[in-house]
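As written, the chains take the letters A, B, C, D, E and F, and residue 1 is the first residue of each chain.
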Amino acid sequence: MDPFSFLQPGKAAIFKDRFVTKVNETVIPYEEGITGDTGLIGLPFSKFSISLSQASEAPQAIRSCMSLYSTFSAERNKDYRNHKILDFGDVMTHPTSLPESLKRLYISVKEMIETNSCSRYILLGGDHGISYPSIRAFSENFGTIGIIQFDAHHDVRNLEDGGRTNGTPFRSLIEEGVVEGENLVQIGIRDFSNAEAYSDYAQEKRLSIYTMGDIERSGIIPIVEKEGDRLAEKVDVIYLSLDMDAVDQAFAPGCPAIGPGGLTSRELLSAVSAAAKHEKVRAMDIVEIDPSKDFRDMTSRLAVHAMMRFMYQ
Amino acid sequence: MDPFSFLQPGKAAIFKDRFVTKVNETVIPYEEGITGDTGLIGLPFSKFSISLSQASEAPQAIRSCMSLYSTFSAERNKDYRNHKILDFGDVMTHPTSLPESLKRLYISVKEMIETNSCSRYILLGGDHGISYPSIRAFSENFGTIGIIQFDAHHDVRNLEDGGRTNGTPFRSLIEEGVVEGENLVQIGIRDFSNAEAYSDYAQEKRLSIYTMGDIERSGIIPIVEKEGDRLAEKVDVIYLSLDMDAVDQAFAPGCPAIGPGGLTSRELLSAVSAAAKHEKVRAMDIVEIDPSKDFRDMTSRLAVHAMMRFMYQ
Amino acid sequence: MDPFSFLQPGKAAIFKDRFVTKVNETVIPYEEGITGDTGLIGLPFSKFSISLSQASEAPQAIRSCMSLYSTFSAERNKDYRNHKILDFGDVMTHPTSLPESLKRLYISVKEMIETNSCSRYILLGGDHGISYPSIRAFSENFGTIGIIQFDAHHDVRNLEDGGRTNGTPFRSLIEEGVVEGENLVQIGIRDFSNAEAYSDYAQEKRLSIYTMGDIERSGIIPIVEKEGDRLAEKVDVIYLSLDMDAVDQAFAPGCPAIGPGGLTSRELLSAVSAAAKHEKVRAMDIVEIDPSKDFRDMTSRLAVHAMMRFMYQ
Amino acid sequence: MDPFSFLQPGKAAIFKDRFVTKVNETVIPYEEGITGDTGLIGLPFSKFSISLSQASEAPQAIRSCMSLYSTFSAERNKDYRNHKILDFGDVMTHPTSLPESLKRLYISVKEMIETNSCSRYILLGGDHGISYPSIRAFSENFGTIGIIQFDAHHDVRNLEDGGRTNGTPFRSLIEEGVVEGENLVQIGIRDFSNAEAYSDYAQEKRLSIYTMGDIERSGIIPIVEKEGDRLAEKVDVIYLSLDMDAVDQAFAPGCPAIGPGGLTSRELLSAVSAAAKHEKVRAMDIVEIDPSKDFRDMTSRLAVHAMMRFMYQ
Amino acid sequence: MDPFSFLQPGKAAIFKDRFVTKVNETVIPYEEGITGDTGLIGLPFSKFSISLSQASEAPQAIRSCMSLYSTFSAERNKDYRNHKILDFGDVMTHPTSLPESLKRLYISVKEMIETNSCSRYILLGGDHGISYPSIRAFSENFGTIGIIQFDAHHDVRNLEDGGRTNGTPFRSLIEEGVVEGENLVQIGIRDFSNAEAYSDYAQEKRLSIYTMGDIERSGIIPIVEKEGDRLAEKVDVIYLSLDMDAVDQAFAPGCPAIGPGGLTSRELLSAVSAAAKHEKVRAMDIVEIDPSKDFRDMTSRLAVHAMMRFMYQ
Amino acid sequence: MDPFSFLQPGKAAIFKDRFVTKVNETVIPYEEGITGDTGLIGLPFSKFSISLSQASEAPQAIRSCMSLYSTFSAERNKDYRNHKILDFGDVMTHPTSLPESLKRLYISVKEMIETNSCSRYILLGGDHGISYPSIRAFSENFGTIGIIQFDAHHDVRNLEDGGRTNGTPFRSLIEEGVVEGENLVQIGIRDFSNAEAYSDYAQEKRLSIYTMGDIERSGIIPIVEKEGDRLAEKVDVIYLSLDMDAVDQAFAPGCPAIGPGGLTSRELLSAVSAAAKHEKVRAMDIVEIDPSKDFRDMTSRLAVHAMMRFMYQ
């Protein structure tokens, strides 16, 4: 029998409307043997960043914004309250050894996938450096991989000048043969935010590149649909990598590398919906949110909406 | 004779260009017997809010932003300097008794209407809970009422879980017969911001619901015009209820329940213009601005522009 | 066997030095039958406040600051890692009914005391209005009560003008005979922050009043020691009520009613140490911290230090 | 008869405890013929500042903080609710002509003094440049003037490099013979915040200089009392000039030129009390508060306490 | 030989990717005799502003944002790393004499132009008052001048009420015959942000005016192209004047006079590209950014993108 | 001949009073062969921090605050304008390899010392991890080393749990024999901010420990003087290590690990003066300032004052 009338020991008091299911209420910690719909893991690491970034705090910021929205889609008139999210927790990285941290991120994503518990996974960075171990793990488990990356930047910097930074993950993946260049789609590339050498590299490796100008001209949905269809025919698994700085600074003010002329929040959300339609899509990471630079967690709130567009099909 | 050269006792010094009329200069405190064009009242109450909100400070924040804009419409090449705004002041609510405060809000709106001094009224909340007493008063004085509500949320929560909160006003109005469900239009309903039970309730009560998806597809002006025309044929009076969280967080960062994927400021302003065209429109409330959460009063500035679109026809 | 190498499902990753015990690690949720040293309860309610306050968020802010400090006292060369804190959680108050919320606060404190599980209790407000139900509960269980209140204000306002606000708790307690005036000690009373009528009331009821001038002249420790000794002889139980606005705005910038000329953080902490020495002290509440107004949780950090001074004897 | 139950047209609603008098309630706009105790004038000008400063907004910020404190002194057990403050308003300065603005400030202070309506005056800057016209006006009306200046800086810069800036007022006053060097007392002079040439100038002109080191050694009250007595014997009128940057940045974070190692708020307030005791003190200005740089109006709150210490004798 | 391995005396350490050229790396201080592509000058003055503005800090804020973006245009697949920017530094204005400052701004722009070192110039304000001396200088050197002004405001206020403020530059230029009214194009004029008298003046002087409504209807690029072509036939030189408050407050939150309903960042950038295409364009000023009011230098970042659109043809 | 009247190409315009020397004006970049009084180096590295810290930005923040204060000591009536500061610049660390960065810090400090150009050195962190390579370099060049560390924390954590973090430098130095435990003085140790195991370690290694309680009892100057004298007799060189979190959060709000109950700014500054008196003192580092968390650079301003107390003897 409950000893208290209005207390739940160890718990904060949160008002509950009996008819509303908040997204966070559908999250349960993973336990051996159980299955769910979407697996959720935090990769709270941002020491790959060239400029110091607190993107490592994003997994907790995003999780806490999950209590602000509900499981009901007004657009589809459908409630996803039975969509089960399994939370694998956050990877314990190493305070001072980057190689060790890299290894831990890779192992943890792999261990998560190998539970075979969910059909899709969401990975919360961290800076973009986390995509390298994550995509490597997905590719090893699922076969040929295709990537749709939303980003203002190519992220194919050379590795000599600074080692494995948040500017290099896709270079590493290509060089190590984890992904074929032509299976990497980059959407949202921004003027004056990249270098000629890396643009040349991207072309040489036959990446599919879409700038903001391309998006203004043809709309983002046709681009995503076309590339999704193309990849779906060629690869075993599609991985979405969502660098929030693809979005304009007015709509995502909490990214380390903000700038004008980017996507609106509506464009981003409809693009994620379009991309997530393909069955071969098994994972999405969300990276480059630094909650300490954000305003009222706007960028984390946008991330939660992107998650819902991804999960709820 | 004025004893001072550059002083006006008790007054702040504000630079005045003789050819510019600021909106606040057209405001005069109501006095018995005088008439004006638009009546203005502050309903500074937000203890209906589930999460503590300082929306009660919005009437003063909005009023002070009225000094930032002028009465001249460049679009219509017309100056509204002779449009008289009568200010009824702010309702003195009770610090700790909500039922008493509710009563005071109701009585005050009623007393204002009964002065018969203006053709239209603007009511500045406060949280959305203030629309319940306000709409009740309008309906009692003017007859069958139609409502166009701009909002990300239905606001038809059950009353059992928390009493009369800022999530319940339209439920209360429907249940008590103040408004017919089919005379309530909700525009801007957002994905993952409502509950299935309340969406069902809205449908069952035959509300007219327009989601952000509807707006993306057909544009907001055709929706507002169609519904304005429909209501104008059926009701005696149309009341606009403007919950600022219908607007995207990038454009209205000062609402308690912000999120991505909402209206732009241009969409909101043109929608208010379109809605205000109908002669039967007699009132507009503006709610859910918490100045303590805003950035540079952006949301209050937007509210003032909405007021001008409403007043100046 | 643990299925993961670096993951704990459902948990955030926090670096752990094996030799450091953080205060939060000594907290365990209360369960029937267990005992501990200090009981902790959150009273997250601030709708008693005359000006809207988000002090209701303080229990969570303070709890989260408990992870920033350790159990080891360098001054006494003693580690309190075995001092067990039982967390009773936060009281679920009612969103719109103040009388109901008041009742729930009272019942919850009472239910906590009646577990007989701890020798001392810490109650985290909320605004100062929470002291009324809390002190009433303590007095009913423990007998004649003495109160040492640290506060810039008397908090003996009349009840007619606004009902039971955060300015009235001690008036209510005196009027209802819960505490004798002469058993109420007020320390830190500030110039130009009170009213003559309430000062007269305090004198008439024979409260012991110490202004900041008194503290400058004689030091705060002798005052606390003298009054602690005096009360200890007369009452069955001593209750400390710590309104953080007794502290200067430079040291406690997150209180709703900040001002200059108050206590330094060192004065406050040594005063709490001195007051807590008396065995009859059974409880301390900490009130009037509004985390939304604070800078880097400074005021909540100070609250945690006050808690440690109180608990660790 | 009042037409409304809970409305006062044109007014904000502010909770009123019938037994409390807030300082702002004792302020009345000056009208010809009336008399009061303290005259209040705003000198909202800061274009004298070398670095752009918004100190011109301080008069309104300080005035609005007057509603936060009451007229009752707990230290003296005395209520000053009958102390009448006459508000002369803010001087309308010129947007682009500094010589014209200087003239207007001078004329306005003079016109205020010549009303003969009050025994003391408080002048709210603005930057320190406003003291030059103000002191000139006082000296012309009252005779030989003595000045006690609380400041981290000498403010006796040369006029060649930048004209009449906020760094030159006391140089100008000395050079023009408005004040004798030996009748100028400077308290709070800070290390590494002045120049040798100006220190030499101050010594040559026989100013009385007290550094923070002097204050640490002997306490601020003995210094103020000694110099107040000395001046009182020599001059006709004493003018206090309170540059808030004499206070440490922790206690007055809103000054343009903040720094560590300054006065505490308690030191400042007791010093103002000590200085204001002398009957010949007729005026105090408060300068160098830039509300746009402040945190929660802390520095304006401190200014209001300084005003109360000055007015209420 | 370099004495240090990882130090460059007097320099900050900034990570350098050998393949990336940041815009700031293409800037070199002007020296006599050298030539470049774009000349850059800072006009750090904002004492023309009616409300105190710190727009004088914008030249340094914008310059520092130049290190955040690269010289490579992804849209045109072209790197502008060889486009040389000559930096003429910031004009040393006078702290207290506005006429002297005005003269210095004029002389400095003139001296810069007379070096004949660059084909185009960028002038960084300051408030809009700096356009008056700047345009005067350009007109004297280059002949008949045409102006494309992006602005929410006409800036043709009368000079009697406040002298030469940031609201008068274009009035002055017209009155003094520096520019013909019909050669002045104003784009982005906003509702309720101007006065009838000034709108009448603009019409009478035959300015080309485009409101936000015009832009919504026809798109901004056709407008800019049409007016650019028209001017190119009539004038010797075209000067772009970019008041950042033409942009919506969501995209340019750091302007003194922000408001809703303005341009998006994409609209602005494509408009600058379109305007800069004309060969007769020789100069662009960027004004009305107050970095102290901005969020994460968003508005300065947008200014840098506008600069790149202007320079890189 | 200077081609411009009011421009200095490539330079910002800063108002200059001919009689004032700002500290930054006495700084010159080191060049081979020149000598000076104090050497200055930036060690902008904070990836040793357990919680992500932007302390790496402190060297530039502190340097920029050097322009806010002058070289004249009012307390000693002495101008230090001829005291030459040689700036060695900031060490270029490696973005992702900590061992490489550690090596670079060590080599750079060593290279600086070996120039033999100055009698004293100031090293600007960075987090406290930079003291390890720095002290190692000093000890190798100057012989037996004594350290006076101002800190709330012992910083002798074990190296197993996280490698070489900002919590381990003094452990490493002791373990590797760089410093004898009895030659390490720790002042400002705070209650509940350390662990018993590390306190035991400190005692076992015979460190001299002074808590805040010790400082309250005896004053900080006697402690510093006694320990300075003791070390001076035993060691060849004394190194001051100033962790700004020894200071109370009200006076140094920009440290990562802030808390109440610490030193005031006056206590810190007088302690640095006392410590710097000893001739054997050759170096001081200043660490743990994270400018992104600070308020108005208060903590960097305090750091500059500490530097001046150290340099100007």
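Throughout what follows, contacts are C-beta pairs under 8 Å (C-beta built on N, C-alpha and C of every residue); 3 or more make two chains touch, one makes a residue touch a chain.
By chain, UniProt protein names: A, B, C, D, E, F = Formimidoylglutamase.
Predicted model only: the values in this text are computed from it and were never measured.
Student: Please flag the chain sitting at the greatest distance from subunit A, going by CA centroids.
Tutor: Relative to subunit A, the chain whose C-alpha centre sits farthest away is D.
Student: So which has more C-beta pairs touching, D-E or D-F?
Tutor: More contacting C-beta pairs are found at D-F.
Student: Can you name the chain that lies farthest from subunit B, using the mean of each chain's Cα atoms as its centre?
Tutor: F
Student: Would you mind pulling out the distance in Å between where the CA atoms of subunit A average out and where those of subunit B do?
Tutor: Each chain reduced to its C-alpha mean, subunit A and subunit B end up 38 Å apart.
Student: Can you check how far apart subunit A and subunit D are, centre to centre, with Cα atoms defining each centre and the answer in Å?
Tutor: Those two chain centres are 56 Å apart.
Student: Counting only residues that touch at least two other chains, what does the list for subunit B look like?
Tutor: In subunit B, 15, 50, 95, 162, 250, 295 touch at least two other chains.
Student: Sort out which chains touch which and give me every pair.
Tutor: By the stated definition, chains touch in these pairs: A-B, A-C, A-E, A-F, B-C, B-D, B-E, C-D, C-F, D-E, D-F, E-F.
Student: In their complex, what parts of subunit B are in touch with subunit D?
Tutor: Touch residues, subunit B against subunit D: 3-13, 15, 27-32, 41-42, 44, 59-60, 86-93, 95, 104, 107-108, 111-112, 115.
Student: Can you check the complex and tell me which residues of subunit E touch subunit D?
Tutor: Contact set of subunit E toward subunit D: 46-50, 52-54, 56-57, 94-98, 162-165, 292.
Student: So in the complex, which bits of subunit F are touching subunit C?
Tutor: 50-51, 157-158, 160-162, 167, 189-199, 209, 211-213, 216, 248-250, 253, 257-261, 293, 295
Student: Along subunit D, where are the residues that touch subunit C in the complex?
Tutor: Per the touch definition, subunit D meets subunit C at residues 15-21, 23, 68-75, 77-79, 81, 250-251, 265-266, 269-270, 295-296, 298, 301-302, 305, 308.
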